[in-house]
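Questions regarding the structure given below will be posed in turn.
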Amino acid sequence: MIEHAGIIDRIEGDMAHVKIHSVSGCASCHAKGVCSAADQEEKYLDVVLKGAAYAPGEAVQVQVAKHLGFQAVALGYVYPFLLLMAVLIAFTAAGTPELRAGSYALLSIVPYYLVLFLLRKRIGSAFTFSIKKTN
Amino acid sequence: MEYVIIIIAAVFVSNIVLNQFLGICPFIVVSSKVETAIGMTGAVTFVMVISTLVTYLIYQSVLVPLELVYMRTITFILVIASLVQLVEIILKKISPPLYQALGIFLPLITTNCAVLGVAVLAVQKDFNLLESTVFAIGNALGFGLALITFSGIREQLDLLKVPARMKGVPIAFIVAGLMALAFMGFAGIV
Amino acid sequence: MNQWKNFSKGLIKENAVFALFLGLCPTLGVTTSAINGLAMGLATTFVLAMSNLVVSLVKNVIPDKVRIPAFIVIIASFVTVVELVMKGYVPALFDALGLFIPLIVVNCVVLGRAEAFASKNTVWSSIVDGLGMGIGFTLSLTVLGAVRELLGSGAFFGMKLISGDALLLFILPPGAFLALGYLLVLVNMLKEKTA
Amino acid sequence: MSMLATLFVVTLVAAALMGSVYALTKEPIRLAELKKKNEAIQVVVPGFDNEPSTEVRRLFIDGDSIFLYTARKGDEVLGTAVETFTNEGFSGEIKLMVGFALDGTIIDIAVVKHAETPGLGDKMVKGKSDFSVQFMGKDPNNFKLAVKKDRGDVDAITASTITSRAYCDAVKRAHRAWTEAQ
Amino acid sequence: MNKFIVSPSPHTYTDESVPKLMYGVIISLLPALAVSVWFFGIGMIVVTSVSIASCILFEYLIQRYMMKVKPSHLDGSALITGLLLAFCLPANIPFWMVMIGALAAVGIGKMTFGGLGNNIFNPALVGRVFLFISFPVAMTAWPEAGQWMQYTDAVTGATPLGMMKEGLAFKTVGEIMPEVPSFLHLLSGKMMGSSGEVSALALLVGMLYMMYRKIISWHIPVSILATVFVFTGVLWLANPDRFADPLFHLLTGGLMLGAIFMATDYVTSPMTHKGMIIYGVGIGVVTVLIRTFGAYPEGVQFAILIFNGFTPLINKFVKPKRFGKEVSRG
Amino acid sequence: MNLKTFSRGGVHPPEHKLSSGLAIEELPLPEVVVIPVSQHLGAPAKVIVDRGDQVKIGQVIAQSEGFVSTNIHSSVSGKVLKVDKFMDSSGYRKMAVQIQVEGEDWEETIDRTDDLVRNTVLKSEAIRKKILEAGIVGLGGATFPTHVKLMVPKGKIAEYLIINGVECEPYLTADHALMMQRTEEVFAGILVLMKGLGVEKAIVGIENNKPDAILKMKQVAKGSKVQVQGLKVKYPQGGEKQLVQALLKREVPSGGLPIDVGVVVFNVGTALAAYDAVNKNRPLIDRVVTVTGKSLEKPSNFLVRIGTPVSYLVEKAGGLPGDTAKVINGGPMMGKALSTLDVPVVKGSSGILLISEAEARRKEVLPCIRCTKCVTVCPMGLEPYLMMSLSEKARYERMESEKVLDCIECGSCSYTCPSSRPLLDYIRLGKAEVGKIMRARKAV
Amino acid sequence: MSQIIIYTIITLVAIGSAAAIILYFVAQKFNVYEDPRIDEVEAVLPAANCGGCGFPGCRNFAETLVKSESWEDLFCPVGGNETMASVATLLGREAIEQAPRVAVIRCNGTPEFRPRFNEYDGAPTCAIAHSLYSGEGGCPHGCLGEGDCVVVCAFDAIHMDPVTDLPVVVDDKCTACGACVDACPRNIIELRKKNKKDRKIYVSCINEEKGAVAKKNCSVACIGCSKCFKVCPYEAITMENNLAFIDSDKCKLCRKCAPECPTDSILELHFPPKKEITEPVEAEVSE
């Protein structure tokens, strides 16, 4: 389980809209005001509520299974990276000029993301979160 | 073989964090969980490679022909800043849950320093395209190696009795120093 | 806010290196000697103060949404200016600082951001803030540089104080980390004392 | 739209600023680089009054270019400064400027660029130790450019055999270039 | 009525204790110490006593005046650190350098982390590498054996590994071998090198004693030595002119000292047998890499330090085999 | 003989079996007994007698409350003095019945003859019922109600009955004495239990430091389906998971019970009690207790009525030695320290061990030097050093994933630690907290 | 030369605009806006990050304060009313006052009153001792004296008194964060209303055993005799499970109960020496 502190922003039906800070600990870091450009973000998650009652403003821990974290990294970053490298190496080996090989490599991740987009339903259902009260 | 050498050099001999001093801030501040560090490595690899690739292309196809090499810094930082964000937007658009999972799992990829540094180094070293990307991979792995090792050490120190005044950032630097000391052993391997 | 307070907070309370742990790459990378640290610090201060000045001048003209890109462009331009000038007039120093000159961009984006966002401030206080932040940064780099130079080559600002062997380690990478680590411990101990 | 416009203006101004600074510093930068080179040549073939950096020959040796600069005083050729390199240094590349007299003896050697360890390898820099002195006036044809450990004639810097070897390697390369150029 | 003592179980304990273990290690270091004194005479005595005294003193001072805790300088661990630090220094190194090394070892390597049990890196090696990087000249001048009365003025020479590294620049292994000490000398320790590392035989005796006392298990030393043997063996078979034979590698440099006494340091090595073997193999591989391809003739100390850094990760991922498979219980 | 043993971890503390080979000595009745109603794992029994009532030996005085619970019988005859809370070996005052001993008045149903009843005519269900009524609980220490263990859960099949004659704890000799002196009855008890469980095969595991018991049991078991197996001496061989693995090479899964691998384990004492209950109608009213200690004048194996004060036992064994600083109910590895001698013997008391001043105190706790000894000796493959750190820092969730609940509390880790770290103390704390967390989770 | 400048401009404008468009998008998608009042509120909070407010850290609390409609149950015990008032002014709202509280140790079982008849030698934590047995003295409710409460206190407000073997709360330092209350396995610690001059009256015992048993183990145990209960004019005392309890919110510090107690288990602290006629002291709450 990976946990991340968050705060319930609002609740709609059995769906909680939870706000998390993208860096854990950022919230109370003294340097937060000066932390890197455009990087301190608040992200929002939708979590299906089960059981216990929650109220907006409540501090919670958002949980996601560890392997899902790795899976997300793989889907979001590692696979496109591998694809990009494969295309790049293939074209370079075939003697394509650098500029073109490089562009092809970059372009190759477009269809990758497209495929991801098409599969978004399935991906979406794989990534589920749960929350628990901070004690 | 030369690619292997580039990677080994970047990972061990002149490790980006321990020897080149790039990306120190996230290294010191972020790395407290091994799992996160591993995930970070994956993300950073992608970001570094794609940034290096794009900056390389722009450098060689725009800046060099137009004799605008001096604009390297400004172009690179603009390109990198937007690229990193672009990837995030795309991910968010594609699959919010995926993006959300990343949000929980990873801290921000605030390695601008390292990304920019690697892009600049790659053109400084006169690498060709493939070499540049491999160089980027090597550095990303080097960053990851340092980060993961360090997060392991942190997890352990967390359970031990480190004197109060050493806790947190000071001990992080000292551990980094000792790791750098150990990594000096790799000098000259390539 | 009192200008002095505004200036001095960057020196100690919000010192970039010792309190906020920001801008660590150049802090470690260039401080093989006090003079390098000083130079790097001054270059950063210049960019910081100038970009703060410009940003606060144009803050009313620039819409919020493009503030970040505009800010990056402004900072990066100043960095390029510094780069070019150093290359032309102090080439030796430029060589010594190397890669870390372009990286000033990143650091200034980081260090100057609070300023950019707290856009309530006047032009004057923006500069003061930038200067304070920058001088604080310079101070830390110079101190670290001096310590490493002293231990590592037995010299102070290039003046050899002891002949013979010094602790070479301190001008090499591990020494950078160790020196900064123990300086931070020292800071903690001082805090303990004053607390 | 106003956003794009402001951005446009900002980049425009920034570009103008950079462009002009670039224009302004272009010459000083060129001069600074030249000066560095000339200073090195001055050290290794002193006394010229021409502009050696304009009298360049370029040779390809070991996959990289080596530049030879001719130094004259009036019409008299004083010697040749050879800008040479080696990749065998303890910390990567070392660049040297080696001055050869007309008879092929080494006048002097200057280090142009290096990243050797301060206090160890950097003793090869003239003035930091007597290491480079031993090369002065030697003819590489009868002064074996190798450290004594490798059965050559060069006294290595203490605890810096690697640097010393690299140094010899660079000088040897310079000598080869010089010979080839003759 | 008696006032009974109440505590949770168990109510009986072994006789082992930390000081007993530590002094066990010290006993097993004695043969090597004796051999070294025999070869390096007064130099060895000065370096060793300064090292031990400084380590204990620094530990005491730091605990007493900086950490403000009850000093534990006599539990034997500082003594081991001092002894091992001395063992990996040349016997002719000036005593003030030894003191700096001791300060680095105990101050940086151990007390910074909170003292015994908390450190990540092997203190003695931190001290050693600190000195090595800081004073490369003094740290690579090795006194020749047999100079009983010389200290810093001893005649110096190269270690067998150094000779090998130097020699390979222009000679083949075959040409170098006659110059390095004979097999018998390598075994007994009549060669140049760090003061305590020279005698493979004495160190092996120490290892057997420690194994007999169950102070260490075989996993770490054996996996290191076996890895070095196999790896250098493969290289040697591939090109006997470029690579020295495995026996040479086993018996030279700090390999024995490192594998038996330093890699086995409890605090900085993995907690499971599987982990120990991963650690040992890693150290072996990196040692050989540094020795044969790196800038330094010797690599054990770096290899151990590097894997000290990896130890927490090994501990995190290499778990003992738990009893019983997991079943999900609703 | 190729000796079997379990594969992972274990220690070998000095055995000190002082009372080994001594005959079981039946103690005269004390004047007053105190019989706690919670002598077993599970819900306490409900008292059904009142102050002033006259009770007989073997009469039920507290009735089982729920499935995992069992009856409590009076071990003496006489008058109920009080039904109140009394200090017992748990360290707290718990509900108990205090009885003034008057004469020897047995329940009539009990067969008190010495005749050996070899065969049991009853069916498995009837056997379980008798065992439940007789208040039999595991005498190996855990005091888990035996009738529960005889009920094989649906979907599981019992294949083997294992009889635990290991007695791996130092000092203790009660089981040894039983096997030597009551061999036939123990064997008959095994048959009863086999029948109760419906299994065909049984194995008796005995450590090799009791060769006479191995021999004797083998003789009795000759020709039956009961196999007797000698085991290499290693603590905690008596732990059921270890014993099952030693004998059958089957590993009880984490969080599982022996029945998950087709095995049910009972102590020899339990077998004897089952015999008494089923074939002799005799409830569990007494047990063999080893009273021992290095300074004790007369270490003994006593047959003691439940409820007898510990002080009485000590007195009969020669009196409390002056240097006694710790009194353990049970063995030195798993036993519980008593704060006073004024507590009764209960069904789970296998021994009373007196430890002298010199050995009673723990040593100074030093920092963990990561010597790996605790990891090496842990029979469950856990990392005690890590557990303790986690427990100290209250990282209970991590402890859960490190499988702290697998710990059988054998104490090998604390025993072996050269830094004298109270590993098991903290692990127990962690187990309790993890248990709380898990229960809370289930409740949501 | 001017050509270079033109190229520079063109390139930079091109790249700059492209970047700007992307970054603009980003700025829109990730609205970085954070209520600046959160920072301000956080600055006012004590920064102890102790969790006394029920939130993981001061910032989370600040956020909640800014966002919540109702401030019920939102209180920073560390900063107290003063801090809550400043926060309220900052946000232009009404503060909810809470009577300041302070931890008291409801056990007075010093060795003198509660003799120790055995010696605990396990790991020095109350939690472990508690799970093992009743303790060194016979009272199964009494303080174990291993100081778990001391360890958890982030304000250095509790220490063990080596003579009494009981913890002592330093009223001035105690912020009523409740960490010790949670830490004590015996539930001995209670947060009670803080009175003027730190005056307090409370039953310093939580033993629920029958009077005789309790008394046997500890001479100052509450034996549940109800005498105090009967004498209290304000109904501040309740009796349950052989134990008296004084509700600090109802108690008016009249001091009638204490002299009634046959076992001296009601403690009166920081009162002036008793006059002959006891009159009710005005129950004033220190601010």
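Letters A, B, C, D, E, F and G mark the chains in the order given here, with residues in each chain numbered from 1 onward.
We take it that a residue touches a chain if its C-beta (ideal position, glycine included) is under 8 Å from a C-beta of that chain, and two chains touch if they have at least 3 such contacts.
Predicted, not measured: the structure shown is a model, and the values here were computed from it.
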Which chain has its C-alpha centroid at the greatest distance from the C-alpha centroid of subunit E?
G
Selected pair, greater C-beta contact count between B-C and B-E
B-C
Could you put a whole-Å number on the gap between the CA centroids of subunit B and subunit G?
45
Distance between chain centroids, defined by C-alpha means - subunit C, subunit F (Å)
70
Cα centroid separation between subunit B and subunit D, in whole Å?
33
Residues within subunit A bordering two or more other chains:
33, 35-38, 40-41, 43
Counting only residues that touch at least 2 other chains, which ones in subunit D make the list?
3, 7, 10-11, 14-15, 18, 22, 90, 117, 120, 162
Two or more other chains in contact with one residue: find those residues in subunit B.
70-71, 74, 78, 81-82, 85, 112, 160-161, 166, 171, 174, 178, 181, 184, 187-188
Sort out for me which residues of subunit D touch subunit E in the complex.
90, 117, 120, 149-151, 158-159, 161-162, 165
Listed in rising order, the residues of subunit G that touch subunit D in the complex are 1, 4-6, 8-9, 11-13, 16-17, 20, 24
What residues on subunit B touch subunit F, complex-wise?
158-161
Touching subunit F in the complex, subunit E uses residues 2, 4-14, 16-18, 20-21, 72, 75, 77, 115-118, 217, 266-269, 271-273, 315, 319-327, 329
Complex contacts: residues of subunit C adjacent to subunit B
21-29, 68-69, 72-73, 76-77, 79-80, 83-84, 99, 102-103, 105-107, 109, 169, 172-178, 180-182, 184-185, 188-189, 192
